[in-house]
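In what follows, structures are represented as structure tokens.
In the two complexes below, subunit A is the common chain; its partner is subunit B in one and subunit C in the other.
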Partner chain A sequence: MADALFLAISILTIGSAIAALEMRSLVYGSIALMGTLGGIAGFYVMLDSTFVAMFQLAVYVGSIAVLILFTVMLVKRELIFKKIEDPKRKFAGIGLMLIVILALGAIIMDSGIKTITTDSDPVDFREIGGDFLTYYWPALILMALILAGSVMGALVLARREDTVENEQ
Partner chain B sequence: MSVIAPKFRLGYFLKGIFDNAFWILTLVTLAGIPTIQIALFLIPLPVINGQLLTAYLAFTWLFNPTMQIPLIKALLYSDLFRIAAFPGFGFAALIAAGTIFVERKMLAKLQLRVGPFYCGKIEGILQLVADGLKLISKEIIIPAKADKPLFWAAPVLFVGTAAAFVALIPVAPGGWVVADLDVGLLAVFAVIGFFPIITILSAWSANSKFPFIGGIRALHQMVSFEIPLILSLLGVVILTGTLNLSEIVESQSSFPWIIFMPIGAIVFFITVLAELERIPFDLPEAESEIVAGWLTEFSGMIYGLVQLGSYLKLYAFAALFVIIFLGGWTGPVFWPPLDVELITEGIPIPNYVGDPILTVTTPGLPLLDKDPNEWVMQQQGELVYTSGQLLVSGVIWFVLKTVGVIFFILLPRGVFPRIRLDMLLHIGWYKLIGLSFVNIFIALGLVYAGVIGPGGIL
Partner chain C sequence: MSNELIEFVLVSIALLGIGIYGLSVKRNAIRMLFAVEIIVNAANLNLVAFARFMPHSGGQTLALFSIAIAAAEVAVGLALIIVAYRMYKNIDIADFRSLKG
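So, the complex of A and B:
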């Protein structure tokens, strides 16, 4: 059952990644990108880390993909894609990607990862939170400062010059 | 005066009926019965009274009054029942249908109108049925240059996402929830994130200007109000130390969190209004500016599906408010049984020959209890699942609170006008985010002052 699920999620992820690159329609391409990101969330669920999977769904599928869609919909796609397609290039790209994936997979499989067997429980997200608050607190502070800075930057950029309107 | 069927002949009528019967019989024989037989191989059947329930046995027991209750109990505790009927889709759809009717009648009363009146004898109560039949029987018109696959898929995806949201809502104690996740609140955030995608995709696929403007507005609104929505719930997560929705409800057994987190509750309520596109935040569907917003090109049952999805979403958000801030199903138990000591230890009777201790068994609700003394076992922590009395009182409290919150979500529609887009974004980005940070600091203060939390006073 787990193997069948793993295969299904792998086919979904890789297939939609190929589709995201190769589709002529930009909107369908970004939908396929959502499929890829969702498939990665499925891998996280299979690895017993639901916490990361939910963040993957909330951040990547829920926010990043929305931004990409939003950008794509404002683009006039006819202006970009007037090129004549070269099928050789397409197949060469797919082939190159498959070769890279197979090579990476072979290296990972050869590294002795198959011999690792573990029955330990999955890491609880409370432990991750505890680690962040004790040992890794400088990283957490840094992330918080960067996030706060970017939010403030966004607020400053989005600020309207209301005074001019009021004078009129 | 027109005639309904000018060429009516009894022969044609009978032929039509016989044709239909013939095709139904043929299809059932060729496709229906094999499907059922294949499905029966794959479904794990329950064991009742030491007997494996087979299809024959089920049909036999249906007509045996003593065996009906165990059969129904086995059905009540199955996954299919949870998904389709009680904490899942059927329950939510029932509340959603009630919401639509109450909304129309209540708005009418607020504006000194009558509202639905003629369908059904009592206050137009059959208006919903009439509207549903109308939506089902109407033609689905697809714009000529629309993107057909997305245009068809978007309403189905919308209902599916709303149903996934409903599946995360716990309704009664003892795990009456479809998906009891350890990270339930995060799953809620993940599911909420899908709504703007579906909205903008359906708006784009219609290839029409009004849906597109409405979709862009919906995207702005939903994306900018998601941030205060998430931040306003984090205070409760800090206080309870869990993300599981059932545990959040159980942490409120003595007081609801709205007492300590009123700012978070207010911010969450306003963001819910914006996420649901209700008045005063109904810019995506502003009917006086852009026809019907992103719903403009929908017709027939596609429109019906979107409406069903949005009312399911309304129920789910109201239920989330109840779960996080109002204590969910907690409340006084209706007709609690006798004292625990009377059942476990009994009253000693002096000078009595024989068994000198008087004990009592109080049968609870026969359909929902597995054991007569379940309530006592529940009190003593010997029971994992919940007893029937707690279930009934929990569901009643939950529904009462949810209906109250739904009422307050509906109320602004009769009171407030629509606000401007820049005012909306100003509220979302400046005020609500700031207020939700204030709420988080209040929660942190309560934890560090030792009032609530692990080792706190309360």
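So, the complex of A and C:
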């Protein structure tokens, strides 16, 4: 059975995921999204994957959440507090969510996953580092190029051309 | 290991459902990005949980790659939202009628 810590982290994660989508203010919504991402990092620690948990904290809670907060700050004030959604679609969306959760949950509960437990030791993080530098090195280089390219693309996209022309 | 695999998978399914709800109901571009992030995190949680119970290092490696790619995706997505906001003065995706430069 699930212990108290697991229940607490899952309530934090799922509750702040709902709050991130439903809160009126986008600023509080992005702070609630930080709670979801931090809760996922807590799950990684419970799964003995501290390396992935640190990566999650550094990349998601550290940089992506701050990036989202800065983007929210660039938007007009009325738009931050305005709820933009389809009222007609709301019940359809809730129904779709329930169907997905119930159907997938029924399939998973019916499968053999329920009986899987393990007593083996967790994977050592040295092994992950070794994998990165030996077997996965082409993928690592490709990922570095993708990251550099996407950051440059984001900068080029978000650049303002009109201010430079005005100064000239 | 006091927790079972099924518990982590069920939390992941709940997060997936919430993300699908957000993607289908919200029209705010930034909130749709939130929903995408929640779905990506549900997938990563599955990867790490199955890797722990296997046990094999491949799941954690794939989760690390996935986190890095998601960071790139968010950077480009937010830049696109900023450009669209500058063009249309709104973040309602129903207003983004012609996104052709």
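To be clear about the criterion, the second predicted complex is superposed on the first by the 122 of 168 C-alpha atoms of A that agree within 3 Å, B and C clash if a C-alpha of one lies under 4 Å from a C-alpha of the other, contacts with A are read in each partner's own complex, and residues count from 1 in each chain.
Keep this in mind: contacts are C-beta pairs under 8 Å (C-beta built on N, C-alpha and C of every residue); 3 or more make two chains touch, one makes a residue touch a chain.
All figures in this text were calculated on a predicted structure; none of them were measured in a lab.
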{"item": "Which superposed partner A:90 touches (first subunit B, second subunit C, both, neither)", "value": "second"}
{"item": "First, second, both or neither for A:104, with subunit B first and subunit C second", "value": "second"}
{"item": "Touch count on subunit A, higher of subunit B and subunit C", "value": "C"}
{"item": "Which superposed partner A:120 touches (first subunit B, second subunit C, both, neither)", "value": "second"}
{"item": "First (subunit B), second (subunit C), both or neither touched by A:27", "value": "first"}
{"item": "Touching partner for A:63 - first (subunit B), second (subunit C), both, neither", "value": "both"}
{"item": "Intersection of the subunit A residues that touch subunit B with those that touch subunit C", "value": "51, 55, 63, 155, 158, 160"}
{"item": "Complex interface listing, subunit B residues touching subunit A", "value": "147, 150, 181-183, 186-187, 189-190, 192-194, 196-197, 200-201, 204, 212, 216, 219, 223, 226, 241, 243, 422, 425, 429-430"}
{"item": "Of subunit A, residues touching subunit C in the complex", "value": "2-3, 6, 10, 13-14, 17-18, 20-21, 26, 29-30, 33, 36-37, 40, 43-44, 46-49, 51-52, 55-56, 59-60, 63-64, 67-68, 71-72, 74-76, 79, 83-86, 89-90, 92-94, 96-98, 100-101, 104-105, 108-109, 113-114, 116-123, 127-128, 131-132, 136, 139, 143, 146-147, 150-151, 153-155, 157-158, 160"}
{"item": "Subunit A-facing residues of subunit C, complex", "value": "1-11, 13-22, 24-28, 30-31, 33-35, 37-38, 41, 44-45, 48-49, 51-53, 55-58, 60-61, 63-65, 67-76, 78-83, 85-86, 89-92"}
{"item": "Residues of subunit A defined as touching subunit B within the complex", "value": "27, 31, 34, 50-51, 54-55, 57-58, 61-63, 65-66, 69-70, 73, 125-126, 155, 158, 160"}
